[in-house]
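I've put the structures underneath this note.
One chain, subunit A, appears in both complexes that follow, with subunit B as partner in the first and subunit C in the second.
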Partner chain A sequence: MAVMTETGTASAVPLPAMKRRSPYPGWFFLPAAIIYGVLFLLPTVASLYFSLTRWNLFSSTFIGFDNFAQFLREPFLIKGLVNTVIYAVVTSGLKVVLGLLLAVLLTSQIAARGYLRSVVFFPVLVSTVGVGITFTVLMHPTQGMINEGLALLGIKGPGWLVDPNLALFSVALVDVWKGVGLATVIYIAGIVAIPKDYYEAARIDGATSFQNFLYITLPLCRPATVTVIILSFIGGLRTFDLIWAMTRGGPGFASDTVASVIYKQYQAGFYGLSTAGNVVLFILIAVLVVPLTMLLNRREGHE
Partner chain B sequence: MSFVRRYWLGAVAILASGVVFLVPFAFIILTTFKDQKQSALRDFSWPDGNHLWSNILEVVTTRNWMLLTAFINSTILTVASVTLLVIFAAMVGFVLQRRKTRFNGLIEFLILAGLMIPPAVVPTIWLLQGIGLFGKLHGMILIEVAYGLPFSIILYRAFIATIPRELDEAAIIDGARPFDVFFRVILPLLWPVTVTNIVVQSVAVFNDFTNPLYYLPGNANATVQLTLYNFQSQFQTSYNLLFTNIALITIPPLLVFLFFNRQIVAGMTAGAVKG
Partner chain C sequence: MAGLELKALHKSYGEVEVIKGVDLSVTHGEFVVFVGPSGCGKSTLLRMIAGLEDITGGELWIADKLCNAVEPRDRGIAMVFQNYALYPHMTVYDNVGFGLKLAKTPRDVRDQKIREAAKILQMEHLLERKPSQLSGGQRQRVAIGRAIVRQPEVFLFDEPLSNLDAALRVDMRMELAKLHQDLGATMVYVTHDQVEAMTLADKIVVLNGGVVQQVGAPIELYQRPANLFVAGFIGSPKMNFIGVTVESVVADTITVAGKDLATMAIPADGTGIKPGDTVTLGIRPHDLLNRAGTIVGEVMLVERLGNETNISLKLPSGTSWLVVLDGDHDLKPGGSVDLTFDPARAIIFGSDGVARHPR
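Presenting the complex of A and B:
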């Protein structure tokens, strides 16, 4: 009602008693804040407590840092931790290299540029589980299309997903296949934003296209590189659906990551341990990504 | 670049992209046309006869029309959560960009935290059970809103910065209430970024597998991504049905890709660079 009177009388007489209302009301934050606070922040804070308990949803017993100690003691849990870091490094590294190369290729005067951009980007939009299942079939050691294709070339293909030493990397390759389109698109945006004058000047100085790439494109699309690294690194650390669709962490625990451990412990009813896994993942992301961001951004400021 | 070299490079690129990116999709499509026996060979061959229709019929009707239920569930989930997401994120983005208070730093920190921190799974389930939303579609809708907010707010705030403040002030002088300033004056101007938001978040929610797996158990509530997971064991020997299922749930993202390619690329790169 107060609002009604304000609009009704404000134009006629300026009322000294009425403070000018801000046109940017604070309650606009409210719906988002409630949903985000209750469903995201509250569980995150609660996880800090529950990770220190033995817990079955109805009752929880405080056991101190036992869950975390277990994470650092059990070989299969350590394996998950190490795998997570390897996976994140491999996928983000490959996405940076391949994404940049594809972007350079797709911003050059190449034929069928639009078609190629679409083809590279489309897998980003496809269901991860669908991609995972498809590649599980394609990567079958004897009946899979990949190894049959390699056999035609006279190469004996490896047991992509059944070899314990290879399973994690095979999943990482599929992750790159699906995600490189996003890296490429980010790089294309970065490269297109570089002023053409630089290339013009380089051309007059007689630079080769490799020198163009090394001394103009690479340094000037640095913001894109930072974005791609951070984005795919966080994504790699958190990855769950692709691993679950392809190997379920197997064979054995060979391709387990922290995220798949969280799910397995949840299924097994070890809720405290599962939550500790969540906190471990949170710490892992904080410990690796925050310094990485600062490092990448600081170097950028120097140049 | 010389004419010959340009086309030579183009030809190589088309060939390589075909092998790497198109063959897997071609494999999916070819398999949807095969019968069970031929699909069991899992090879890249031309189907003997067209079994597409019977495959679709079988996939859709199996387990009591579960795929159909799942499509309805996924549609409700996507439409409802993206609608709420767009409105709430635009409201936050607007006030956050316009009003400088001492809370802005905290809010921005929370937004970045939301982009980085993985959701705490079991405590969330515990909380959802406490408020009676666990395993319910509306609970899932709110979860998707909560998880999608940071990204959408960032997109909106960046776009709102390009809209002059004079517009709000003019509306206020004309006697509009704050509510009307936003919903009648500002929100319509945000249409381009709203489209981007709708497209990017729809694809994300529709393709979400992990969150429904945790928070929405049960066959009656299955979303399309979960049907794939549920059918994986059932269809272990029926690759024709498994891949028909994959093909069917790929159609909505394909349509989005065909009609909104530009917006989705713009949204993903803009959001990424700002994030």
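Presenting the complex of A and C:
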């Protein structure tokens, strides 16, 4: 009898309390939820809405997918999309290759290693606009130091930023110069984490330095490679500041990217249109980066 | 034919000398174990043989070839690392064949050698797996397989069993012993575990502080340790020591007595020892007998295992001893126990620490 009452009360009292979870922990979640909601969720939803309107900051009229239709009909926008992808592929590709080579160099036994590491990383810390302006001066077709230097060697330097076929790649090169330090640092961390045993075992097997690199360093710093590719690819897709500081998308629309096109639309007062552009950029990044990430993160890809 | 010859081998890191002149001769097919406490230089010595550490001084001969300046791959050695060093991105097959691939061995020869090694090690079913899909013992096998395909003059093992659990360690130890019999190759094996050393070795090299303390067959090291260090290091549980005073020295007998020990005549080489000297007497825990005699101690702790009884003993001087008695003894902590031993089983060490075995 006593046992029955005891079990009876025991199951009667705590069970409902367990089912209905206490609201108490929720209060801790609230501040972060408000900040996140106001600063991130709300703008995202709002931008989705405004991209479907004709909007001038004071009033908006719902116009369905007209903005997207118009945005995608603009020939310079298509050019901008293509440029963005080219830019992202070129910069992330070069950052992977150069970052890895620099990291291999900077993890080997060389003089002034620590100093050189900071030299490589330094451009990362400099303001992008500052770098852009500096390189614009350096890349001036006639008075820039680069072409003057080339002239001393008897080479007629190209119009780095004024040649429509070259402008985008010139900016991409500067982006690589500025960003390769970060890739290098990530690679250095990846390479340093590889156990020395592997190299010693390979040494006994008679591996050359190049074989060490090919069979040990390269496959074993794969996580670093994935990080560098993803980071620099996303960075490349949403690039704006360097483009704007160096070419403003020019000459013509030759070096426009999605972000610079959007900026120009904002400047012109087409807020709904440019918001639609932002949504397009968001979708572009998602469509390219999500499968890329999945591909790269496949568990231990085949060697 | 010499399998391996070390002549006055030295190694220094700057001012610090870690290997202080090691001489060692290993005949072909011998299983040699380097044993010693952490930091005694045993791994460094092995890595010098492998060519992973430069040799500061002396000569290293492998199969009658001076190897001081020879690249590791040309020394005719293969090494098994403590952490196995299996490439995680390669299958077992590729791991085992890696060295052959680097040596540009034709694919069919390579395949045959890999399968041969896999057969010897009974790991044919593992060839397509990645190291992460293997157990510790299997990884160990793959690491050995990688050494076998190189068909080296000398196998080098750097504490290969230290990452395995106790049961597996015993199994792998036996497999290694069998492998040595089957291959008949020279093997050099580093361990800090003296049981591994005792069971595997044809010849044990006891190292301490970069100096060889003694080289010999396992049982020789156990029965006739050269000095206090070897006596304390080889044998489990550890040998017991007490300080005693010499009463008389007659030919091959030294009579000693002390606070802990009634007067006893021990067969030993009395050269250079005179009455009044303080010497150390060593006796192994298993050699103590539970009979009224020469030693009385206070029982501190008793472990009754049925077939034997381990007793932690406190002698009148405060020295702690471990005693292992055959059979079961119902002793209680706090009580006292009378012990004696066969004088022939005791070893006298001079004040220099060197054992004075009877001539």
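To be clear about the criterion, the second predicted complex is superposed on the first by the 267 of 303 C-alpha atoms of A that agree within 3 Å, B and C clash if a C-alpha of one lies under 4 Å from a C-alpha of the other, contacts with A are read in each partner's own complex, and residues count from 1 in each chain.
By definition in this document, contacts are C-beta pairs under 8 Å (C-beta built on N, C-alpha and C of every residue); 3 or more make two chains touch, one makes a residue touch a chain.
Values in this document were obtained by computation on a predicted structure and should not be read as measured data.
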Contacts of A:Gly252 with subunit B and subunit C, given as first, second, both or neither: neither
Touching partner for A:Val126 - first (subunit B), second (subunit C), both, neither: first
Touching partner for A:Gly269 - first (subunit B), second (subunit C), both, neither: neither
Touched subunit A residues, subunit B compared with subunit C: B
Which of subunit B and subunit C A:Ala112 touches, first, second, both or neither: first
Set intersection of subunit A contacts, subunit C complex versus subunit B complex: none
Complex contact set, residues of subunit A against subunit B: 3, 6-7, 10-11, 21-26, 28-29, 31-33, 35-36, 38-44, 46-47, 50, 55, 57, 105, 108-112, 115-116, 118-131, 133-135, 137-138, 140, 143-145, 148, 177, 182, 185-186, 188-189, 223-224, 227, 230-231, 234, 238, 240-241, 245, 259, 262-263, 266, 271, 274-275, 278-279, 281-282, 285-286, 289
Footprint of subunit C on subunit A - complex, ascending: 195, 197-198, 200-207, 211, 215-216, 219-220, 222, 300, 303
Residue ranges of subunit C in contact with subunit A within the complex: 50-52, 71-74, 77-79, 81-85, 87-90, 94, 98-99, 102-103, 130, 132, 146, 150
Sites on subunit B touched by subunit A in the complex: 1, 6-7, 9-11, 13-14, 17-18, 20-24, 27-28, 41-44, 84, 87-89, 91-92, 94-96, 98-99, 107, 110, 114-129, 131, 142-143, 145-147, 149, 153, 168-169, 171-172, 175-179, 181-182, 203, 207, 209-210, 213-214, 224-225, 228-229, 232, 239, 242-243, 246, 249-250, 253-254, 256-257, 261, 264-265, 268-269, 272-273, 275
